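Letters A, B, C, D, E and F name the chains as they come in the text, with residue numbers starting at 1 for each one.
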């Protein structure tokens, strides 16, 4: 392991802390995360509205994801509160999964990867909640950052 | 698709609603969910405390998961508020992943699968937050219900 | 004024308190509230989807109302936390207003009028937020309880 | 309807999103909203302290309104989190109504109309909660923005 | 140390958890906590309204304490969510301190000592906030449970 | 009492308000607060891990304190929401007490004394919660600001 690699959120004694970012620059930052909810064929049909109104189902998950992005510092203990300046969450029903993508923007001192991941995770949980009466075995998978930009570390793409 | 299969959280016109559970019995209910965070070898070493204090890292994720279980109805729009009577969250560092398991108990009118899944998801997000300075590519995966019991639908195991 | 009429939420010295309801019965209780958001003809056309996709707009307000019902004791200082067992929120676009109706159910020690009113109010605020770029002059009006049942005071209809 | 009029909170496909405001200027912004709670003569007498201590009643509603202004992005799904720099809420007991007025200030990228309206709405809900044992028929009405200033759209008065 | 004495909130491996209370009885429970905020003579005079309106100051602290009691499980990680059935908070201005007392009632499976202590602590923090422009040196002290009753452990008085 | 000394959080009529800080400068600000939880000798032994794993106990209190700092404006009614840029909470087990210290940093328009005091108070409440099965008589004491810097009032040390 490279010298000096360490978990930045714990200090030299091992105690957790919220890292001081006051020296970091206020810059425009963007992050995109994605994830999938694996669901049964029956759920796919219902979400596509075959035979019955699909109604608000995906819309509810989208709203849940957007609201969750704003709650990130309330959920993830060492995250900084951030001035989020935009959030979009997309849900797309594939043949065996609901594909979710979230993009979060800020103009602040830290990146928004955690906000994008939180938006995807909570949108995914909401999908599971809505389909669980039909498919108890739904699985949330592959939740990950796809790209981020802004700040000292600049552009990063998976 | 079987006749009558439908998304219980939307009514016949497609509008989302919180399903009325007042007729359901108050019974002891338990649910267990699991998930994994795929991390680099370097992160595994850090979390195992090789060479540096691993400190609070896993403990922070455990607390985040427990607190998130209580926040489930605040996050997942159509979930009922529930009298949670117990939560445990376990984290185990494997060779290429952190394994997370959460068990939630209630004595109420609905099951606690969503609470268990939310605990796992937020513990996983917290792990990602703590390792992201070392491993930007961490992935949350296989978040799913393993078993539930109690209520009309009785015992269910994946 | 009838003898003994008083504000139950302040004690004899005038101090606010959360009234003790431990002696009240746990019974099924329902309340329905309604309200309207007065909007311009242009907004009515947009919400009806004339010429452009109306999309999620009313669905977002519906979700906001449902989630707000659960947040009532967090917002209204002297409200008791309640085991809400069901919430539905309906929005209907009239010729000069969006009509909102919310019904909340519980099986607990106090009524759910405040939860129903909070659901209507926050759904209304969300409608205003979504139309304000087109109509700065929208007005929330006639937010009121229509009916309640359950508990000692029994059935009440406006 | 004028060309191009649209609901800014839904994209061209109709999906809700939190609009990106990162390009907007950070400027001092103020908004004032008002509303009324129609109450019975008996309630007016109680709130004016005739014969009994009126106590904290209006003070509780004032605090509820101030706190709610800070919770706006938690309640209204597509609102941006904002650095609120000041809030005042006034309540005045008229002959048949409690008159409420809220002024919110910020130095940020979006206006604070929604914060002012939320403060008025939650103060009004709190008034209803406190008088509902005496007057079940209270009505919240005429909740609206009176004036706003700051930002690109400048001064606006109803 | 007596055999078997242990911290109930950590399991045999030292991991924190929310203890399972599903086997405990639902009974009426009450707890009272007290505390003090030591303040300067100048603050005492202001809070007593000598020469200037003391206004809402103590009322704001009372509301903050009541609302905080409801937020206890959101703040104290291993506390159970509880159906609080009543809260009162009293503040009394002494010669060198503000005396605070809170009583919380529930009918549930666990005691409400933490809710009473949280109400006192947040009321105290609110007093400090309101006097800090005049007295930077205010101290919160002697926050403690005075008495509790209900549940298996029965009556306890300090 | 010096002329003009007054409670800044109430206006000339005595009404509470959130003071307008838009004219204050955005500067780096730091505050440190401390406090103690008086506990029995038995608790001291358990927290030091004599004979049994002390496990996460202090770590849970540390996380609770950090998260509470971020919730300050949600708890203390007249506090401004702030862009917190760093939080550390230390807990040290003495011979008859757990000593707690919290330091909070921001780059914003108001100081962070309340955030530091809230972090200490909630960490202390969490300690009490964890030891209460062993020691019902624990007392939170001497919660106070030790030092602050930044802003117009500059450096202040107790």
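In this text, contacts are C-beta pairs under 8 Å (C-beta built on N, C-alpha and C of every residue); 3 or more make two chains touch, one makes a residue touch a chain.
Quantities reported herein were computed from a predicted structural model and do not represent experimental measurements.
Counting only chains that touch, the fewest steps needed to get from chain B to chain F is 1.
Equivalent interface to A-C within the set D-F, B-F or A-F: B-F (over half of contact pairs identical by residue number).
With centres taken as mean Cα positions, chain E sits 31 Å from chain B.
The distance from the centre of chain A to the centre of chain E, with each centre set as the mean of the Cα atoms, comes to 36 Å. In chain A, the residues that touch at least two other chains are 11, 15-16, 56, 59-60, 62-64, 67, 71, 74, 77-78, 81-83.
Across the assembly, chains come into contact as A-B, A-C, A-D, A-F, B-C, B-E, B-F, C-D, C-E, D-E, D-F, E-F. Contacts from chain B toward chain E in the complex involve residues 28, 59, 62-63, 66-67, 69-71, 81-90, 105-107.
On the side of chain C, the complex with chain A involves touching residues 56, 59-60, 62-64, 67.
Of all residues in chain E, those touching chain B in their complex are 11, 15-22, 73-74, 77-78, 80-83, 108-109.
Interface residues of chain F, counted against chain E in their complex, comprise 1-2, 5-16, 35, 42, 45-47, 50-57, 59-60, 63-64, 67-68, 71, 74-79, 113-114, 117-118, 121-122, 124-126, 128-134, 136-145, 148, 156, 158.
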